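Here is the structure we will look at, set down as structure tokens.
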């Protein structure tokens, strides 16, 4: 059963050099309260795993503006000046991962796979340094799992067992990231009693959740 | 409207691409120019739009004050959900994209070459926005349509013999719709299908770096 | 948009030598009405893809009892005498696939992957004839996608766009199979108007569905 | 109850395995003997049971007449859902199993050897029920416990130096609980942890093919 903690406590558990994945898509579906506490605390040298780097003043972008990220695996950083600058200055190491490949790599970690074979990225710079396998006459890139010490995700509602439901497009990468980290912290707008979420509606089963933070 | 007007070009391209869609098609529109396509779906044709951040059944932008902070498209713009819409996570969303379930995807382009290579995600030393979902969309969709202006600001052809920018995907583009022409890519060749009203074949050929296969009968498209 | 057809029409579309995947777990979540019509029609030489072979008189087992299956990929056949007999007599070709591997292989097909690397089956007869890859010092089996001409699935309810919701453990392999076949037929207990299913509750998006059969 | 009684053995094994579970654990119980474990969870301990056909939070069998045809466990038996239960598809279910998210899995066994190899899914030329989810469970769960009788019907040890039947998984078993003993497998050795009340160490050693590492102090378990 997950522990219910506050955002400050959550932020303090994350240490320098930890890999942290955030479910967020242009700051929608982002655990903003926890991000704010992380910014206040200022823990540095984090490795960021996220779909996009969001905005300079919104979502995970705040951690970039505050120079807390030393490296990142993202699919998009066009909406964030801080990371573009730090990237151009060599202050941050960035691996650009196609969004679908990023999702598959995270899912692979969560589902115990050693990797997946994907056509995305073939013939592009994404294939650099990667093994290419030919399966039944077609070429595929071998993409390896991506895991993390922490997943910091956002959901609409949790019951006390950690079963989660989301809101609209704020769902995005949150469910898959919940499967792929050693510890998972979810920020929710509402905590309800066990049994108050219809078992058919649960998107993320409670087994994946370690900590719940209520906004 | 002036043929060189940006809005004219946008409508011209969007309207022409809309005609590629069949009733019941499932489609993903990229950020920018491609979104114009949604404004020109012929009456009586139902087309369902995906946004890769996790929804099928994208509706028009909400009225001011009606925005839902949890409901955006892949460009970060507020949207609405049509009846029959559904939400899903990014993994399912890209399963739809990569599994070949989309009938069509429309993307912007920096360069397209005659082998169907597309470059649209980075300019080395300059802009590194990242590929986002573009590489997956171009690799996975049944039909890949590129919507872009025919030439860049300096007047150089964006249709090339060989792309010089880093690729988004290799040999995947099926159709290019520009403000000057509709061009199909097949067997490493560019086939001119239609030209914009008011232009001549010679003007299109001159504005295009690779050789174009010219049809016997010229078809024109307009707005 | 999917077509609404009757079970007899559905059964008649499936031809000899077609590969057909059925969502069913010991006959729960099985499109029984379509199976019954397939038995009546008697189309032979089908390739069956299913979690289990169900029971001789229930679920996909009825097709086996009626000798309509020439080959099968399943994870379990212990509850079905017909398949055990036919297997022992050499009348049917059976590939035993671990259940989780079966799900990943079907998902791989549906998600456009060329294959997945899994530890399940290592050191067992499942690894026979398969490539073993070493990723970061750990061994994995390379498992290839499984697709089919048809997925015949069962859901509780569909709207007219094909959006589906399921009932309890009758969900099982139905959602993943909906992604991996050229054509997908769903048998449902109820068809509702577009907009009557909450967009948050949809488990299988309508894009995957070609035909709806109402019981 | 007689120590040779099947029901006695079943309770003895189930009760002992239940003690391996910690408050809040997530666990999968195989068909047959392992299901007995659910009947012996110590009071005050919450353990959540998965059924791999797609549910977390398995409750006891329903009262007669209360069966729901859509609610079964992996053995096909009718079950109920406890408060906090949730349903998911087989892909997510095996993601939970293979991704290492289950604290423990309990399975029956035909043979276990001192390297931790398990055989429990087929007898060549005889029974071919198939592995179902067993290979995934044994490969993926954090702790793998085998529940079985110590000897077969002929009195031969089911604990072997080397399995002779086709394996379910290689070197994955952590603990064996039989009607005679609790044995841990570590570094390719079998460590005797406890013996059943009424038995002597000599009797257990005699009934076991591989060498057992005997503890200094003998602990007994009973029902």
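When the chains are written out, they are named A, B, C and D in that same order, and each has its own residue count from 1.
In this text, a residue touches a chain if its C-beta (ideal position, glycine included) is under 8 Å from a C-beta of that chain, and two chains touch if they have at least 3 such contacts.
All figures in this text were calculated on a predicted structure; none of them were measured in a lab.
Asks: Which contact partners do subunit A and subunit B have in common?
Replies: C
Asks: Could you compare the number of C-beta pairs in contact for C-D with that for B-C and name the larger?
Replies: Most contacts of the two pairs: C-D.
Asks: Can you check how far apart subunit A and subunit C are, centre to centre, with Cα atoms defining each centre and the answer in Å?
Replies: Distance between chain centres, rounded to whole Å: 32 Å.
Asks: Could you work out how far the Cα centre of subunit B sits from that of subunit D, in whole Å?
Replies: Taking the mean C-alpha position of each chain, the two centres sit 56 Å apart.
Asks: Need the CA-centroid distance for the pair subunit C / subunit D, whole Å please.
Replies: 29
Asks: I'd like the Å distance between the centres of subunit B and subunit C, where a centre is the mean of that chain's Cα atoms.
Replies: 35
Asks: Quick one: which residues in subunit C touch 2 or more of the other chains?
Replies: 104, 107, 111-113, 118-119, 166-168, 199-200
Asks: Could you tell me which residues belong to subunit B and also touch two or more other chains?
Replies: Touching at least two other chains: 55, 81, 87-88, 94, 97-98, 139-140.
Asks: Show which residues of subunit D lie in contact with subunit A when the two form their complex.
Replies: 24, 26, 46, 48, 50, 55-57, 81, 83-88, 92, 94-102, 139-140
Asks: If you look only at subunit A, which of its residues touch subunit C in the complex?
Replies: 104, 108, 111-119, 133, 135-136, 138, 140, 142, 144, 165-168, 199-201
Asks: Which residues of subunit B touch subunit A in the complex?
Replies: 51-55, 68-74, 76, 81, 87-91, 93-94, 97-98, 117, 127-136, 139-140, 166-171
Asks: For the complex, give me every residue of subunit A touching subunit B.
Replies: 25-26, 28-29, 51-52, 74-79, 84, 87, 96, 98-101, 103-104, 107, 118-126, 166-176, 203
Asks: Once bound in the complex, which stretches of subunit A touch subunit D?
Replies: 1, 107, 109-113, 159-161, 163, 179-180, 194-195, 197, 199-200, 202, 205-208
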